[in-house]
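There are structures below to look over.
Each of the next two complexes has subunit A plus one more chain, namely subunit B in the first and subunit C in the second.
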Partner chain A sequence: MAEIKRHDNRLGLWGWLGGGRWGIERYAYILHRLTGLGILLYFLMHVVVTSLRARGIYLWVEGGVFHQPMFKFGEFLVFAAFAYHALNGVRLVLVELGLAVGKPIEPVYPYKTSLGVQRPLLIAMMILAAILLAAGGYNFLSLAK
Partner chain B sequence: MRETKYWTWHMAAGVVIFFLLGLHMLIMHVGGITHLFAPHGGEATSKVNSLYRDGSLFFLTTYVLLLGVALYHGLYGLRTILFELTLKPAVEKAVSVVLLVAGLGLFGLGAWAAFATHAIAIAGARG
Partner chain C sequence: MPAEINFHVTRYNPECDQAPYVKTYRVPVREGMTVLDGLHYIKDNLDSSLAWRYSCRMGVCGSCGMLLNGRATLACNTQILHIATTDLTVGPLPNFDIIRDLVPDLLTMFEKHVAVKPYIVRADEAELDDPAGEFYQSPEELGAYLQFTYCIKCGCCMAACPTLATDARYSGPMPLAAAQRYNADTRDDGRRARNQLTGSSHGAFRCHYAGECSRVCPKGVDPAKAIQYLKRQLVLDYLHLARRKKPCAKMHGPGQGKPLANITPAPAKTV
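The block that comes next holds the complex of A and B.
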C-alpha cells in the first residue's frame, strides 16, 4: 500500500486561525472550529456533571452550584456556539456533497468562482442561526427575571 | 481510504447530532418558549422534569445514541485539528489512543448514568 505523502504545516495554528484576505467563508471556517472546540470542552464536562444524577446529585437545579447566573450565561454562550456550529455544519455537509455549489464549468479565463453560488446558502444559514439565537436569548432573559 | 471512512462517519454523526442535540437544545435552552417534555412546569432542567425524561425509553435511547455520536464527532474533530499541526507518527498514534480511551471512558460513564437514572425514575414512578 502506498505511503501517504506528509507535508509540513509550517504555519501551525496560524494556518487555520488566520483568515488573511480570504472571503467570509474562511472566517466562517475559523469560527466553526473555535465553536466546535468550545462545545467539545463543555460537552466533556457536561457528561461528567450530568452523570452525577445517577448518585442523586443534581448540581444544575435551584440551589445547585451551576444554577448561578454566571453559569446560566455560560450555557447561553454554549447555545449560541451550537446555533452557529449546527447551521454552518449543515452548509458544510451540503457543500461537501456537491450541493449548492453550482454545476462544474470549464476553467476558462476570466475564471469564475463558485463562492457567489455558495454565498446565499451561507447567508440563509446565518439568518436561521440568528433566529435560533434570538429564541435562546429570549429564553435566557425570561429565566433571568 | 480508512481516513475517508472516518471522515464520512464524522459527517454522518454531525447530521444525527443536528437532530438529537437540536431537540435537546429546544427542550433545555428554549424551554421557556417550547415547554417541551417538561410536564411538571417550571424549568425544564428541574429535578422532577429531569426524572420524567430519564424514565422515558425514548430519552434513554436518544441520550445514549447522542452521547456516542457526539463523542465520536467531537473527538474526531479535535484529532483532525491536532493532526493538521504535522505531528510525528508516534505522537499521532498516542493522540489517537488517548482520545479513543477518553471517548470510551466517557461513553461508559454517560451510558451507565443514563441506565441507572432510568431505573431510578421507573422505580420512583412505581412508588
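The block that comes next holds the complex of A and C.
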C-alpha cells in the first residue's frame, strides 16, 4: 500500500507561546521556562566573564563595563528571574509531589480540576515574588545613586 | 430566528494540496445546534468533500476532538452559539499529523498509550485469562482511580499540552493518566514495570503542570492531577520509600460469596 502523505501539524514553540490564552498556570509555565533559560545564559556569561581574569581583564571593577546602567538593569532582571523561578519552583515541587492538587474526585459537571486546588499557592507565591521584586528594585535603585 | 455563522474550516487533501488552507462556509444556526451538526450541514448542503471523524455524537466515543476557536474540544458536545456569535474557526487537533481536513492521525497517541501497559498486570496471569474468582476492592480503593477511568481517548489534552508541542517523544497527558489509573488500582501489580517508561526522560517529569490538559478535558479526567500523583510515586519508588504492597487477593469463585442480608437476590436467568 502506498504511504499516505500527511501534514505535520505539531505546534512547536508556538505551542508554548501562542496557545496560551486560557489559564494562568500556562503563563506561569512559559515564564518558568524563559526565566530558567535566562538564568542559564547568565550563568554561562558569568563563567566567561570571571574566567577573563586569567587574562588580566577585570570587567567588574569600579568604572568598568559592568557599572553601566544597562548592566545594572540586566543584573536586576537576573535577580527578578531568580526570584520568580525560585518561588514558582517551590510551588512546582509541592504540586509535583502531589501535595497541592487534592484528592481524586468524581467528575461531575461542571468539572473541577486540581488547578483550582493549587491556585491559592500560586497566588501566594506570586505575591511573595512581587514583594521580593519591589524590595530588590529599591535596593538596586539606592545602590545606583 | 436562525443566526448565520461563518465556519472557517481547515481543509487539506493530501492528494492535491501542498499545505492546509482555510475555507469559509455560511451556516444557518439554530439554538442547541452543535458544531458537529454544523459540519453535517456543510457536508449535506455546501461541500460534500469535507472530511472529519465522529461516531457517537454524544461525547462518548472520543472521535470528534477538534480545535474550535483555538481550543481543543469535542465537536459533538459544543454548541455553536455558546462559543460563536459571527465567526467560528474549526481546525484539526494540533500536535498530530493531519490525514485529511479535520482528521488527525491519532496513532502516535495510541502507541504511547499501549506502551504504558494500560491493563491489569499481575503475576497470576492464568487467573486473569480464565477468572475463577473475584478480587475484592472497597469503594475507597475504587475512588483512588475512578476519575481517571472516564477518559475517552479523544486526544484533546495531547493537542493542548505545550510540552508535547515541542517534545514529540513526550508520553503526553492521556497515556500518563492511563498509567496512573492502573497504578492506583489495588488489583494491579504493574507499577514498577510502568515506572520504566513513566520515569524515563520523556515520561512524567517532562510535565511542568501548565494544566492545559485538565482545562480542556471534556470528561473531567484531570490528567494533570494524575501525572502529579505519578511523579510522587516515582520519587518514593526511586528513594525506596514506598511500602511494598501485594495486589488485592482473590476472594471466592463466582456465586460462592455470601450475599448480604439486605440485598435482593438476582432474578432467575432467562437465557
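In the analysis below, the second predicted complex is superposed on the first by the 122 of 145 C-alpha atoms of A that agree within 3 Å, B and C clash if a C-alpha of one lies under 4 Å from a C-alpha of the other, contacts with A are read in each partner's own complex, and residues count from 1 in each chain.
In the analysis below, a residue touches a chain if its C-beta (ideal position, glycine included) is under 8 Å from a C-beta of that chain, and two chains touch if they have at least 3 such contacts.
Worth saying up front: this structure is predicted, and the values here are computed from it rather than measured.
Asker: In the overlay, answer first, second, both or neither for which of subunit B and subunit C A:G38 touches.
Answerer: Once the two structures are laid over each other on A, A:G38 reaches no partner at all.
Asker: Please indicate which partner A:D8 is in contact with in the superposed arrangement: first for subunit B, second for subunit C, both, or neither.
Answerer: both
Asker: Is A:V47 touching anything from subunit B or subunit C once the two structures are fitted on A? First, second, both or neither.
Answerer: first
Asker: Should A:E96 be classified as contacting the first partner (subunit B), the second (subunit C), both, or neither?
Answerer: both
Asker: Determine, under the contact definition given at the top, whether A:W16 touches first (subunit B), second (subunit C), both, or neither.
Answerer: Both partners, subunit B and subunit C.
Asker: A:I30 in the overlay: touching subunit B, subunit C, both, or neither? Say first, second, both or neither.
Answerer: second
Asker: Based on the superposed arrangement, let me know which partner A:F79 touches: subunit B (first), subunit C (second), both, or neither?
Answerer: So A:F79 only meets subunit B here.
Asker: Just to be sure I read the superposition right, which of the two partners does A:S114 touch: subunit B = first, subunit C = second, or both, or neither?
Answerer: Once the two structures are laid over each other on A, A:S114 reaches subunit C alone.
Asker: Same subunit A residues contacting subunit B and subunit C, which ones?
Answerer: On subunit A, the overlap between the subunit B and subunit C contacts is residues 6-9, 12-13, 15-16, 33, 96.
Asker: What residues on subunit C touch subunit A, complex-wise?
Answerer: Per the stated touch rule, the residues are 12, 14-15, 19-20, 70-71, 92-99, 104-105, 143-148, 150, 160-162, 164-166, 168, 184, 205, 208-212, 214-215, 217, 219-222, 224-225, 228-229, 231-232, 235.
Asker: Can you check the complex and tell me which residues of subunit A touch subunit B?
Answerer: Against subunit B, the touching part of subunit A is residues 6-9, 12-13, 15-16, 33, 36-37, 39-40, 43-44, 47-48, 50-54, 58, 60-62, 75-76, 79, 82, 86, 89-90, 93, 96, 135-136, 138-140, 142-143.
Asker: Which bits of subunit B are touching subunit A when the two form their complex?
Answerer: So the residues of subunit B in touch with subunit A come to 11, 14-15, 17-18, 21-22, 25, 29-33, 43, 45-47, 50, 54, 67, 70-71, 74-75, 77-78, 81, 84-86, 102, 106, 109-110, 112-113, 116-117, 120.
Asker: What residues on subunit A touch subunit C, complex-wise?
Answerer: Residue positions touching the partner: 4-16, 19-23, 25-26, 28-30, 32-33, 92, 95-99, 101-109, 111-115.
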